[in-house]
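Here come two complexes built around chain A, the first alongside chain B, the second alongside chain C.
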Partner chain A sequence: MKKKKLTLRQKESLTGFLFALPAIVGTVLFFLLPFVLNFAKSFLKGRRFVFLDNYIDVLGNEVFAMSAWNTLRFLLAAVPLILLLSFGAALLLHRGMRASAFFRTVFVFPMVLPVCSVILFFDILFADAGAMNGLFTALGLPVVQWLDSGWAFWVLVLLYIWKNIGYDIVLFLAALNSITKVFYEAADIEGASGWDKMRYVTLPMIRPHLVFLVVISVVNGFKAFREAYILCGDYPHESIYMLQHYINNNFQNLNYQKLAVGTIVIFLMILAMVLLIFLGKWRKEGGK
Partner chain B sequence: MNARKKVVLMLVCVSLLLSLCAGCGGEPEVLEVWCSDGTQEFTHRAEFLEQQFNSSFDIDVTVFGQYYGEEGDAELTLELQNRLMAGDGPDLVLFQASDFRDVRKLAESGCFMDLSKFAEKRLNADDYVEGILQDGWYGSECWYIPLGFAVQSYVTVGDVLTENGWQEPKDFDEFLAQIDAYGENPNGYRYFLRPLAYGGQDGLFPSLFSASGVMLLDYETDTVLPDEDGLRRFLESYRIIRQQTETVTEEEIARLNESQWVGEHYTRRDYCYSVMDYPLFHALNLESISVEQDRRFGVIPAFDGETAGQVTVYAAISADSQNPEDALALLERMLGKTMQQAILTDFSIAFMLPVRKDCAARWLEGWNEDMEGSYWPDSSGELHPSQPLEEALCESYEMQAESAVAVYNSPVAVEMLWESMASYFEGTADYDTCLEELRGKLTLYAKE
Partner chain C sequence: MKKRKRSWGKLLGQLALILCAVAALFPVLFMVTHSFFSGSEITESYGALSGSGEMRFHLIPDRATLESWAEVFLLSPSYLMKFWSSMLLALGTVAGQVIVSAVSGYGFAKFRFPLRRVLYFTVVILMMMPVQVLMVSQYPVLQKLGLLGSYWALIIPGAFGAFGIFLITQVYSYIPDELLEAAKIDGASHLQILLRIVVPCSKMGIASLVVLSFIDNWNLVEQPIVFLKNTWQYPLSVFLSQINESRLDVAFVCGVLAILPTALLYLFMKDALVSGIENASLK
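Take a look at the complex of A and B:
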């Protein structure tokens, strides 16, 4: 019997698969499999199958509801702000403002700083005996509990924007640089105003980058827990008590059921947001 | 199928069958007891436990634990937590209250077996300190059986009390008032607060707070700060005491560090009270006040005049135990008189009192026998004969300890209290602001 030889295309596919295999195995072992196990665990208490009891327990928990709302509120505040600010900065840099190279470095610099250094800096600024309160005292103003009051939310938003704006600026700059000047020249000939050029040339041309940035910003927004945790510990002010605080604290109490349900809820939240974003993009592109 | 293939198939089936049977022959059953105290004495305690139980059981009892040296047993605790979460917990787990962030919240995780039937059947109020046993109950379920507990004790000298016209304190308010007044004594040294830090908190803050009987959380109702008045009284007094102690001179600090315990200073009656964060039975303190002085010791009363006890060792059975019946039998043995008496002598996971009544008396008899004919040196090196403990004192102490009621404040909650009140103690923030910060944190903690 003759051995069937692989075609060139099949060989190439097999080679590509073999190269990708370690990554696939890693993804399955360290992401997919734990996720499936976690999902299964969310229906158990110990080894006992309790169906949706854990979900009812967690979704009815007022602290969980508060943490979910805080997380959503943070995203609704921080993501549009960072996109607006980074887009504005990218536009200015793209137009060749003075000392643009210097400002480019300034914006990108926080990205390369270690997180703990950034947190330390913010702690020095906003602690009860920190620099901000020192300034307020010098000006005769009352001291503010920046980290132990509702202001903690805005400190965290500021921290998130300061840390991540450089990344968004770089991507926006790349998007703006990819627009060929021909379109703007054609718009000038047509007598378009600056706003018209923005609306009909710039924004449509950078839409794919914008979608990507929105998704990344949402994902990074969920990661802001890291900064909140290092700055304020396990139990911060209630305005910045996020979903991950809930999950982390239940992990430390060995309450695996609540932990599992919490992670499933976060997954569904992120999935819903990303699907919404892509749905909007799909509709904009006429359903293609 | 040809004959050759039939023979091969038959051989494969027989081999599989034999392997199966070999697997079913089974390894000898082992009952695993987890003892979380990784100290130098562990090996001795493990051998003692195994020796005690192996003769009574058909299966082997293996006691697991390790000595981690000066780094402590954090890795051991982490291993226990990982095993419990993985559903591979040991059969019987003996752990300290400090091993987990919150043993009350741990009960919700489902990693331990409900022992309510066992507790109702085997443990009665006549034989055991009922107020301490209650700490293992969470609603209508019993998740832990306390094996030992601690009460905060004091040591003082009768002359100190007489000179100031005091009686031994009846409640915590009286205790604090006496300390506060004595701290104003221009002739005496400041007293009990050890200048050494303890986990970021003042030397005896956790011990004094435990003695007060104030609870930060009511776990049954998820109520935060159920005793706000008691908390205020405690913190206001503690702030004053702390400020007084800050005037301790370098000479006093050096002497305290050298002596480690303030017992030897009783010869000069410098100190009002020495507060100990474990039960009274510590040789150094007892010996050092064994000269001709009217020594007094007792349990620091809580605000309500009762005794606040803290469970130091819990016993629990893993929900995944393969031998729950044997684990229960072993646990019952540990609650018997022999083992409970041994807790104070051969098997001391931490300094603690046994949860079974009348066991401390036997220990006291043994202590007095050991004291006979022994001597101890004072600070100048002069030897003094040790005195046996007076029976009346021991009886009084035992009675106070055995009326203890468990008060549980998790290490996390006490740390929150300390952090929230740090500014208040330093005088940089007012009490109400700090209390609101504490209330916010505890509310999140209680309800999550």
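Take a look at the complex of A and C:
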């Protein structure tokens, strides 16, 4: 009796595996295996095993260090900023404004737009002889090289926020909507002020959602490379020379070792982040 | 007094929202009105970009014309060809992704098998990886498979994209197990359960995958440059990202062409898109 039940369960799990098989085969063939080969390559020089030599080379490389620092700096500036702004916007939209559905629709729209379709606009806005500088001249302010000075960094932050804020607003609104009204009613009875309610109800209830918001904002932050690339090409101003520029340019020079190491470094950054959420999630599920 | 201060704050907030909304929409408005500029007005207004002339930034054309539209639609077929290549690429990838994830999501969401958690975790990691990281690894494999240089190099890996598998697995996991148990007792096979119960219950989720994945694949830039060999194969997105100042008139029209499909999709399916973003969060 017991034995039969076990085989039934085995049959179930085999069925499940078969359903998942297309995804597993595709993932292994096109993503996992290539990545493992890439990882192996990072320890080779030609056909010789050199262990960490490539890593030492690359990590000591000035351009690599600059690009890694820039990526980090960008994320450290852009992610808190977008979280703050989208939280503020979500709070405003959440408070039962009549037009809030309209505003949400509008704020998500830039995310839907192909960047390349509007890049001309940003070109015209930020070019040396562009519209921003035209405005500055008219106001009697000095002309700024928006894309070819330290300002490029902030232009990129702005583009990132413009494009991705809708995503974060949607997630914050979902989080705010998941808070039961009872908490606020109880707080009202206790005579809590608006600030008390924010501090003791809203913020604690939002915290579990915050982890994913940070992660997705970082992931979207990595995608800001595309904006930098389309706007400024392979070699932008050094303040926005990202890890992906480094990878891209070494790809064109067919420098596979440097390439492999660069990708592994990004991979490790993301792995650490995802592990952080999953550990929390698995602990909650109790190792189901 | 206190009340009054509050309403000032509210007004300020609303003003900020309106300003941001204008900023969000402005680039599109700019592209659309400029597609009706005449070639000479564009040269005269934005000649400064190519080093000569002045910059005269204005939204409304002095004289609206369909010149540039006629150029794109009637005179040079290459632009419309790019539009169709983009369409082919995006739709092909989306179709593949929907099929793969609709089937495999069932396995991940409703069964327990060894390594399931590890595999699912891998999918999540892959989903978050920047494209460059994946591309670099994929290149030699695609070369071995002889796919480089054809659209298959973009469509096939795209069809197995981690995001689709992840999203659909999340969506399926919300379907109550009792429903499936009941069907099983009635003698339905797993395939029947998938096609008659799970998929119909997940219409919204699948719709959101279609929208989100279409947007993503309509906007490919990095992969086509690396995986395709000839410039004529490039989709509209790559063409637009490499356009130079000499053909601004055509570029505005092509920009609007690139906006149209995603904008329409969004207008008609914005609820699906929003629910997709909500479902794709790890809670």
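The definition used in the following text is that the second predicted complex is superposed on the first by the 250 of 288 C-alpha atoms of A that agree within 3 Å, B and C clash if a C-alpha of one lies under 4 Å from a C-alpha of the other, contacts with A are read in each partner's own complex, and residues count from 1 in each chain.
Everything that follows uses one rule, which is that contacts are C-beta pairs under 8 Å (C-beta built on N, C-alpha and C of every residue); 3 or more make two chains touch, one makes a residue touch a chain.
For clarity, every value in this text was computed on a predicted model and none was experimentally measured.
Per the definitions stated earlier, placing chain B and chain C onto a shared chain A by superposition produces no clash, and the two fit side by side.
Look at A:I266: by the touch rule set out above, it reaches chain C but stays clear of chain B.
When both complexes are overlaid on chain A, the residue A:G46 reaches chain B alone and has no touch with chain C. In the superposition on chain A, contact of A:L33 is made with chain C only, not with chain B. Once the two structures are overlaid, the count of chain A residues touched is higher for C than for its counterpart among chain B and chain C.
Touch criterion met: A:L113 reaches chain C, while chain B stays clear of it.
For the overlaid pair of complexes, the smallest distance between C-alpha atoms of chain B and those of chain C rounds to 5 Å. Residues common to the contacts of chain A with chain B and with chain C across the two structures: 129. Contacts from chain A toward chain B in the complex involve residues 45-48, 61-64, 128-129, 145, 148, 234-235, 237-238, 241, 246, 249-250, 252-257.
Contact residues on chain B toward chain A in their complex (touch as defined above): 81, 84-85, 87, 100-102, 105-106, 108-111, 319-320, 412, 416, 423, 428-429, 433, 437, 440-441, 443-445, 447-448. Interface of chain C with chain A (complex): residues 13-14, 16-17, 20-21, 23-28, 30-31, 46, 48-49, 51, 55, 57, 100-101, 103-108, 110-114, 116, 119, 121-126, 128-130, 132-141, 156-157, 159-160, 162, 165, 190, 194, 215, 218-219, 221-222, 226, 236-238, 240-241, 243, 248, 251-252, 254-256, 258-259, 262-263, 265-266, 270, 273-274, 277-278, 281-283. Per the touch definition, chain A reaches chain C in the complex via residues 12-24, 26-27, 29-35, 37-38, 88-89, 92-93, 97, 103-124, 127, 129-131, 133-134, 162, 166-167, 170-171, 174, 208-209, 212, 215-216, 219, 222-223, 225-226, 229-230, 244, 247-248, 251, 259-260, 263, 266-267, 270-271, 273-274, 277-278, 281.
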